[in-house]
Amino acid sequence: MYSVSVRDHFMIAHSFNGDVFGPAQRLHGATYVVDAEFFRSELDADGIVVDIGRAAEALRAALAAFNFRNLDDDPVFKGRNTTTEFLARVVFDRLTAAIRGGELGAAATGIERMRVTLHESHVASAAFDGSLSLAR
Amino acid sequence: MYSVSVRDHFMIAHSFNGDVFGPAQRLHGATYVVDAEFFRSELDADGIVVDIGRAAEALRAALAAFNFRNLDDDPVFKGRNTTTEFLARVVFDRLTAAIRGGELGAAATGIERMRVTLHESHVASAAFDGSLSLAR
Amino acid sequence: MYSVSVRDHFMIAHSFNGDVFGPAQRLHGATYVVDAEFFRSELDADGIVVDIGRAAEALRAALAAFNFRNLDDDPVFKGRNTTTEFLARVVFDRLTAAIRGGELGAAATGIERMRVTLHESHVASAAFDGSLSLAR
Amino acid sequence: MYSVSVRDHFMIAHSFNGDVFGPAQRLHGATYVVDAEFFRSELDADGIVVDIGRAAEALRAALAAFNFRNLDDDPVFKGRNTTTEFLARVVFDRLTAAIRGGELGAAATGIERMRVTLHESHVASAAFDGSLSLAR
Amino acid sequence: MYSVSVRDHFMIAHSFNGDVFGPAQRLHGATYVVDAEFFRSELDADGIVVDIGRAAEALRAALAAFNFRNLDDDPVFKGRNTTTEFLARVVFDRLTAAIRGGELGAAATGIERMRVTLHESHVASAAFDGSLSLAR
Amino acid sequence: MYSVSVRDHFMIAHSFNGDVFGPAQRLHGATYVVDAEFFRSELDADGIVVDIGRAAEALRAALAAFNFRNLDDDPVFKGRNTTTEFLARVVFDRLTAAIRGGELGAAATGIERMRVTLHESHVASAAFDGSLSLAR
């Protein structure tokens, strides 16, 4: 299996609901350094997994909607805790939509799996990985 | 699949038996920077894989038994080479016991798999990953 | 010149005032990974720059006041932009006070200079360094 | 599953063919920092996945053939784009040959899978992983 | 002293002249991950060392002239070895010109010193730092 | 000022004397990842600070004397605590001797200053820097 990974980041404010979160129930924030890794069994005719430039642009676009925002104000996240693992899934879903929408180019249709990792500090990260059922 | 990863470290002395180890047969030591990654298919009701604070504490507790020790003196390791890959498994087993013992909280019962990575330098690391058969 | 450096982090929300900040004028947040480096010309009788355990505790204490907070709500920062470089100075001043208050132990009186670096992402950081005029 | 990973690097010049590569169609170059990770289900009698010293030497040897070269001049790569993902596979194949040739020692026959990752910058990497069908 | 640092990268081909360079006399290449650090004694009225967005853009612009190029073909470098330390100075000079040209904004006139570091691999880097005599 | 930095590592056992060290008074160990940075005002005729290959070899040789050793057994360190900051100075002194002994080549006589940093974990490091008074 081949893969290509690109990195970007975004910076947000949010708060959590639930005793398990302790002081993180207060409004605070985070920098998330994001790795998006794209997997496929065979390279395309150009010898690539995906156009790395378009992958980087798609990741930037996926993060731009959150960047410099207070996630508590976003109706999309109403009633949800925007934990690092939850946000990894959100970015995964946005990149899946970008691939299906053709934003990563024709070659990207060969992508079979993705892994999105959000590093929230030098000691903690979270990830979501899954297959890309393009028929979904 | 979702995952959350936490990082900590420990510092030990040890020596190895066997020609394959060359100069590492002498008493020497290492800093191990440890990443413990917890995997599960679905988030719990709070939107988390595991309480990251309790995961960090459990990792710290798992490493505390070795920290600032000469592993050659520990009867548990009698007759074994405490290689990086071997120690990755030891930490894995201790974290498994911690999960089963409830130290990571009720949510942690949903953890299906773990991966423990020990970085011994900027150029070498070892890992053990496996499923968490909680019935074992 | 000898130095010792310890690392910790904190996670905050804040916003900035001024056109220069563009979208960062909105309420957002950041993880700051902090390196505090302590300098002195000669080691003490124990062969250290500073008790590294107490240095780590002092850094943790200095950051605890901000951790999981919205800095916009802190009257101390009223009318100030809590930029990364500004916060580097704030942490510097808190560590200076800790040293003078004896929190880092008697050996720490030999510290002549400090450098505090805040990493806000994988591509940006800010720092403040200065001498420790203990008579100030 | 156990694994051991070693890191080295190589520095090459090359160019790509195809509109998808944009400015990378020009002759340019890259430093590739390479992680080679070796997987096996059980440790050998010495408690290791592979002799880490021999693994590091095998990786160094695998990279030496390319190091300080213009890949466009290598007849082996004639008509191929030496993308990061393509080169990950090339290194994978060379390490597979090294294992089969006995260069990593008898213990290495237990290696079941490898993952080779090439980091081309602080924001991009590519990898190839696969099983080691030693009968191939 | 305050500072702000931004990171970017560029990828080039080149070769060196001189026995001291050994195999690096052959045409090869490198990824340079570049940190540009800007120093000043006092923050400006907005509480910043420099507009970090403009600093990042200026760094990108400074590197764009080299990116995806064979430096051996650039008449500017005729008769010079484009070593990592030499290139650190070249980037330093370009950023100095950008500051003087107003590309980093009015606030940047307060910048007193810069340090430019080029990381060529995980084990080697070079840097140039100097004061910014704006009258020069 | 120009500089070039090279990285290597060594792995040792040791123990400390003094209440300030707490559990580190027990026999334990560490991996030290070492950065040796060489400074000079002007590049030599080849356009370099120092032959990076010879610098890497000199660093490797300086560390080889300690690697895979118990420092408590080394008579050189009798009655001294081999703290990270102390060891940074030891490596500094060995590299100084190597430069004076001609091991880094004729160009190295231009080196004016060095900084040696030992990273003992992902959260702690120590360094020693000083001028190279070659007449000493």
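Letters A, B, C, D, E and F mark the chains in the order given here, with residues in each chain numbered from 1 onward.
We adopt the following convention: contacts are C-beta pairs under 8 Å (C-beta built on N, C-alpha and C of every residue); 3 or more make two chains touch, one makes a residue touch a chain.
The model shown is predicted, which means the values in this text are computed figures rather than measured ones.
S.K.: Using residue numbers, check each pair in B-F, A-D or A-C against A-B and return the one sharing over half of the contact pairs.
M.R.: A-D
S.K.: Shared numbers divided by all numbers used: is that above or below half for chain C and chain E, i.e. same or different?
M.R.: different
S.K.: Using Cα averages as centroids, what's the distance between chain D and chain E in whole Å?
M.R.: For chain D versus chain E, the centre distance works out to 31 Å.
S.K.: Measuring from the mean C-alpha position of chain E to the mean C-alpha position of chain F, what distance in angstrom results?
M.R.: Chain E and chain F have C-alpha centres separated by 27 Å.
S.K.: Where the CA atoms of chain A average out and where those of chain F average out, how many Å apart are those spots?
M.R.: The separation of the two C-alpha centroids amounts to 41 Å.
S.K.: Residues touching two or more other chains, restricted to chain D: which are they?
M.R.: If we look for residues of chain D contacting two or more partner chains, we find 7, 122-123.
S.K.: Which part of chain D faces chain E closely enough to touch in the complex?
M.R.: For this pair, the touching residues of chain D are 7, 9, 11-14, 23-24, 26-33, 67-70, 120-123.
S.K.: Write out the stretch or stretches of chain C touching chain E in their complex.
M.R.: Contact set of chain C toward chain E: 16, 18, 20-22, 80-86, 88-89, 122-130.
S.K.: Using the touch definition up top, name the residues of chain C that touch chain F in the complex.
M.R.: 1-8, 43, 46-49, 51-53, 56, 105, 107
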